[in-house]
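Below you'll find the structures, each written out as structure tokens.
Next come two complexes, and both contain subunit A; in the first it sits with subunit B, in the second with subunit C.
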Partner chain A sequence: LKADGRTRSRPVRLAIALALIALAQEPATAESLEARIKAAYLLKLSSFVRWPATVFTDANAPLRICIVGRSDVHAVLEALARNQQVAGRTIAAVHIPHDSAAQAQSCQALFVGRNSPAWRDLLTATKRSPVLTITDRAGGTHGGVIEFIESGGNIRIGVDRAEARARSLELSSKLVQIAEPTGR
Partner chain B sequence: LSTAVARAAERIAAQAARRVILIAVLIGCSAPAAAQTIDELREMSIDDLAEVNVSSVSKSDEPIGAAPASIYLIGNEAIARSGATTLPEILRLAPNLSTYQRAPGSWVVTARGMNGNLAAQSYSNKLLVLVDGRTVYSPLFSGVYWDLPDVLPEDIDRIEVISGPGATLWGANAMNGVINIITKSAVQSAGAFASAQAGESQRTVGARFGGSIGDNLDYRVFARWIDEEAAWSAPGVRAQDGWRRLGGGFRVDWTPNDRDAVMLQGEAFSGTLGRGGPAEEDTEGRSVTLRWNHRPSTTSELQVQGFYDRVERDSRASGGGKFTADSYDLEFQHSFAAGRRHTVVWGSGVRRTSYRIDGTATFFFDPPIRDLFLAQAFVQDSFAITPKLSFTAGLKVEKDPYVKASLLPEARIAWRANATTLLWASASRAVRSPTPFDRDVEERAGFLSLSGDRQFRTEKLTAFELGLRMQPAPTLSFSLTGYYHQYEDLRSIELLPGPGLNLTWGNMLKGHSYGIEAWGDLRLTSWWKISAGLHLHEQKLSFAPGASGLLDQYQLGNDPSYRIKLHTSLNLAHNLTLDADFRAVGALPGTSVRAYREVGGRLAWTPVRGLTLTVSGANLLHEYHREYEGGDLIPRKVMAGVELRY
Partner chain C sequence: MNLLQAVGGRLLNNRWAATAFALLLLVASLFLAWQSERSAAQDRLRQVEVQAQILAGSVSAALAFNDREATREYLAALRLNRAIQAAAVYGSDGRLVDAYVTDGGSLPEAVERAQQPRISGGKLSVAVPVEQQGLALGHVYVRAAIESWTARASRYVAIGIIIVLAALLIVLLGATNAAAAAANERLRAEIAAREQAEAALRQSQKMEAMGQLTGGVAHDFNNLLSAASSGLDLLERAEDPGRRAKLYTGMREVFERGAKLTQQLLAFARRVPLQPEVTDVGERLAGMRNLLERSLHGGISLDFDLEPRLWPVEIDASQFDVAVLNCVVNARDAMEDGGAIRICARNAPGGFDGRDAIEVAIEDNGSGMSAEVLERVFEPFFTTKEVGRGTGLGLSQVYGFAQASNGAATVSSIEGVGTTLTLFLPRCEDAAI
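What follows is the complex of A and B.
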């Protein structure tokens, strides 16, 4: 058994070396892939949506993407949005507390990423306002204009067109095409 | 000669397995890694995003839990990626549990030892197991018939495995540990899902459909069939103990407003278990659980839950008996913040179990019909002494069947040294209360008899634990727990006066156990994670003065001194995942069960959206191996599977 141990050490050493190489290549982001993909979605989605011009106070006002309950997604979005523009506007990633329905009114997009006692308040407080609500079934929230649906390890999106219309949001046909219809 | 050949074959198999792992590592390194950097994410289109497989590696970097206890979480993805098909197999993933397959559908699962001993009629009986708040251990002997509970693995949200006493908060029988199986809410399991797996030794088919009615009512319905072939009693000899189970049910979640949530679920199943001959044992069961959660404010919550559960086992066809047990349970729990520093949880519950046992001439219960009544009330306060230091004290009063009320106190202290380090310690008391098997059982075997002990008392445990949980780097986390358990009044076998060999139970064993539970996760890259687990356990029991001293200290369990687990999860490509696991388990002392090493794994490929093809295996190194004294030879398992999602 001892002799066997000797032959074993070589592949083990190689594996460790490979592990160290892999480790060195890993970027410094600590957030999970799931959080990164959702943050990227939040950034990309805004280019498929047209808001009524009245929601912006002036031509230089940033597009505010608010995030509730997911500081990790917020951290990635903040990094993603740096020096980026959508339809000529800079992006502001804002993390808001889950019980601040009033703040939600000032957001153009609102991601309610985790179930909390007041999560529905956030949706109702912005009802009929031009806020692109985004919910996450895996996080226990649903009923947003856009919904993250995890299936088989992939994160896809669902779109509730009626809800978008009620909020005076125009969705591009491309978005409607790739998304699954949700809502009732 | 044959052992030499077997050894050579084993060596070759082990070598091949090592190579496969190495190749997997090499492939993994050269595979296109999933999107990681900010720049790469920016480049991706919205279609690209939908193609990234996030099941992995990624979600498992669980945050450092605040709970000052030895808790291990088995998440949904870990379950899916493991290739495990039944609940006990899934529980193999927890490093703080020991699992032994005895036969198809027949398992022993323990935390911190006491795995039982068939020859001494001692069945592992010190765990509380819950499925969505419903207890599934048998009130007849406090152990679990693992062929009865089942859930669709896809619909499990998480399994919380707590080793050590958890009696105060969790409920009766949480002596050496708690297994809390929580399924997804209906909202989280929307859509259609179907899966099938088939191999020489096992086949499963499962399906679920989830949808919603109106704005705030979600539901799912599911069904599952498992067919496990008989294992081997000796090389080349089938044990005639195959297992089949068909079950199905529903879950409805209703959230009428922001403060209330109502859940209703129901389930029914029927199964058969081979008994070594042509005749089989039939099992049947059904249950309904209703739960109401009310959150009047962000700092308080009320939960009221009731369940009904019926279980039936009928082995009359194979010369055995039949029993039915109907349980009714009602409990509530209220948590609230008292001032800025206190969080109080209190609650109470009652359970009534009515059973009927149609025994045989050689194995029966006296009386055969009985009602068991259990009532409990508890209060627990968590006090933040400073922002970093918190103290939790709890007390439970439990009125168990047969005996007077027991007091179960618990104290825990937690020091959060910094955002990523938690140091904790605890002292607690737990009991296993008498069951019909301890009090009323009657067995006859020629000149030998065993009668339940009408004076049988509760078995008592005082436990001390010390734990450390750390996340020294974003990609590395680990947990380390040391424990010392002091047992009193454990069940022993005593002699009754008179001619012949007439035995009864007694409470004449005592002793202690100690050990270390350790596990950790290292995320090497965003597409590669490795985890390891270790459990070291020592147990010393001795007889109290005046005991008969029959059988030895192993009658309550032949527990291995070590158990090691290694797991690697790789995302080889955006639609291809590979998992491999290795376990090494020490010999069971006092038995013929030797130490063994085994590997398993799963390869999953998703060629198109909604379709996943899998190949999975378990116990791959040997054609068969034995895990438990008196148990079967457990064969290698290889399965091919398909999963459909819509």
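What follows is the complex of A and C.
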């Protein structure tokens, strides 16, 4: 009987240990799955886009991914982007306020993740600049070069190729292949 | 080419060299097979790695943005290649995203780093990273079957059989050629021995002819010596300078004739091998007149009937002399009671198997020969003469000489009427006489 009790307690202890390990590996605090996926997408998206060389001040300038309205996504991205490089550049995750059109100009990627009174101004302010705008339909924004589209519990990528061309951004054909076309 | 033949000939004449060559051929082909196997394995490794890289390159966006459907399509495309028995895509966290397995084997649970192509358990596996502009997106794992041992061997069977047969053929050729070479060597030795025996026979034939001559020559010499001796006696007594001078001249002539006779005998007895040279037979016969006359006794006349401008022939002149002498001696012996010998020589256009030749006939009106004797007349050691007079080698020498000169000797005879011995000697085409 005693031996029996001991064998029953073993899986329980194992589960606790595994949970502890999982918690320790989790970046930052326990952000939502949705935020983690979107942060990862933002990082990965940057590798499927080519910016004109002129947008970087020098060879060591980081690739700036700016996030508006989603501090949770920013937190995850910051953790994810640590020690990562895209095309030889480090990644800088920058959280900028809603009304900072000037700051938006200096970003290579701009994620407008949540509806706010001035979100359209951000897109307009960067019009014709090589800024990869990313909007999120679930967050109430749209019209970016890239759009996150939630469907059936999955987050898909929408691409507006005309908008990308207007902003002198080169999208990888592999990305275009799996993306849904958006825009006019 | 000659060098090749020489080397090839030596190689094939030596049994061991041929065997060594065959072994070399086998070893070389084994080495080549091993080499080709190795490079084929390398090729296979590279192919599988390239396939994995193609998959990694194409699947990157689908993997990055969780497009399961696209990932599956890329895997399905790879699946068309039967040799690739398993392929899997792993995310950046190392977890399996999608895969297929056709060989019933298992897949690595997680792949977090690239793995060089490696062979284990008859399978070839490789893991390559999925990267986009240096950003790690995950890994791709590909496993392929290695061609089975039997399938590989069957590729070499046909060529292997050919090579083994070729090696066997070389060994066999070497063995037979070695045997043939040994037989050839024996044959050559035999021929040399026979040639030696023939030379000895020729010499003895010559000596016989000389023996026949000796009787007449000794008589002649005696005459010359007594002429010389009486000449000396007369010279001692003579006082008239005119008469002395005459005697001197006479004696000189006697000595010259003696010297000439000796010279002819020496030339006759000399041991020389057959030495064909372009010869004018008419001139030769005319020069022999003295010698021939001396071998006859009184009561036998010797006539010459030589066509002027006889064609040149390529013969051994001294053997020709011996042959004519043998014929004359033979005719003489057939005419105990005297008679006539005629030596005729004429051009015979197309007279010898359709070829130009000269015909030398020695005719006598002696006792002739019976058909039985005629049949065996050219056989060595066949004689009708009593013991001590003939060796039976005379006419066989005539026959041998004619054969050696690419000509022929024939004899025709009517008992009680006479015998004609004819020599055909082919015309020498390229002689400038």
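Definition applied: the second predicted complex is superposed on the first by the 155 of 184 C-alpha atoms of A that agree within 3 Å, B and C clash if a C-alpha of one lies under 4 Å from a C-alpha of the other, contacts with A are read in each partner's own complex, and residues count from 1 in each chain.
Rule of thumb we're sticking to: a residue touches a chain if its C-beta (ideal position, glycine included) is under 8 Å from a C-beta of that chain, and two chains touch if they have at least 3 such contacts.
Keep in mind it's a predicted model, so treat the numbers as computed, not measured.
Peer 1: First (subunit B), second (subunit C), both or neither: which does A:Ala118 touch?
Peer 2: First partner only.
Peer 1: First (subunit B), second (subunit C), both or neither: which does A:Val55 touch?
Peer 2: In the superposition, A:Val55 touches no partner, neither subunit B nor subunit C.
Peer 1: Based on the superposed arrangement, let me know which partner A:Gly143 touches: subunit B (first), subunit C (second), both, or neither?
Peer 2: First partner only.
Peer 1: Quick one: classify A:Val86 as touching subunit B (first), subunit C (second), both or neither.
Peer 2: A:Val86: touches subunit C, not subunit B.
Peer 1: Considering only touches as defined above, state whether A:Ala101 meets subunit B (first), subunit C (second), both or neither.
Peer 2: neither
Peer 1: Of subunit B and subunit C, which one contacts the greater number of residues in subunit A?
Peer 2: The partner with more contacted residues on subunit A is B.
Peer 1: On the A-aligned overlay, A:Glu34 touches which partner chain: subunit B = first, subunit C = second, or both, or neither?
Peer 2: So A:Glu34 only meets subunit B here.
Peer 1: Using the superposition on chain A described above, determine whether A:Lys44 touches subunit B (first), subunit C (second), both, or neither.
Peer 2: both
Peer 1: Based on the superposed arrangement, let me know which partner A:Ile155 touches: subunit B (first), subunit C (second), both, or neither?
Peer 2: It touches subunit B and subunit C both.
Peer 1: Residue by residue on subunit A, keep only those touching subunit B in one complex and subunit C in the other, then list them.
Peer 2: On subunit A, the residues that contact subunit B in one structure and subunit C in the other are 37, 41, 43-44, 48, 84, 154-157, 175, 178.
Peer 1: Show which residues of subunit A lie in contact with subunit C when the two form their complex.
Peer 2: 37, 41, 43-44, 46-48, 84-88, 154-157, 172, 174-175, 177-179
Peer 1: Can you list the residues on subunit A that touch subunit B in the complex?
Peer 2: Residue list for subunit A touching subunit B: 4, 8, 11, 14-15, 18-19, 21-23, 25-27, 29-30, 32-37, 39-41, 43-45, 48, 76, 79-80, 84, 99, 116-121, 137-138, 140, 142-143, 149-157, 175, 178, 184.
Peer 1: For the complex, which residues does subunit B have touching subunit A?
Peer 2: Interface residues on the subunit B side: 11, 18-19, 21-22, 25-26, 29, 34-38, 41-42, 44-47, 49-59, 61, 77, 80, 185, 187-188, 190-191, 212, 214-215, 255, 257-259, 295, 297-298, 474-475, 524-526, 528, 530, 577, 606, 609-610, 612, 643, 645.
Peer 1: Quick check: in the complex, which residue numbers of subunit C touch subunit A?
Peer 2: 58, 60-62, 64-67, 70, 132-137
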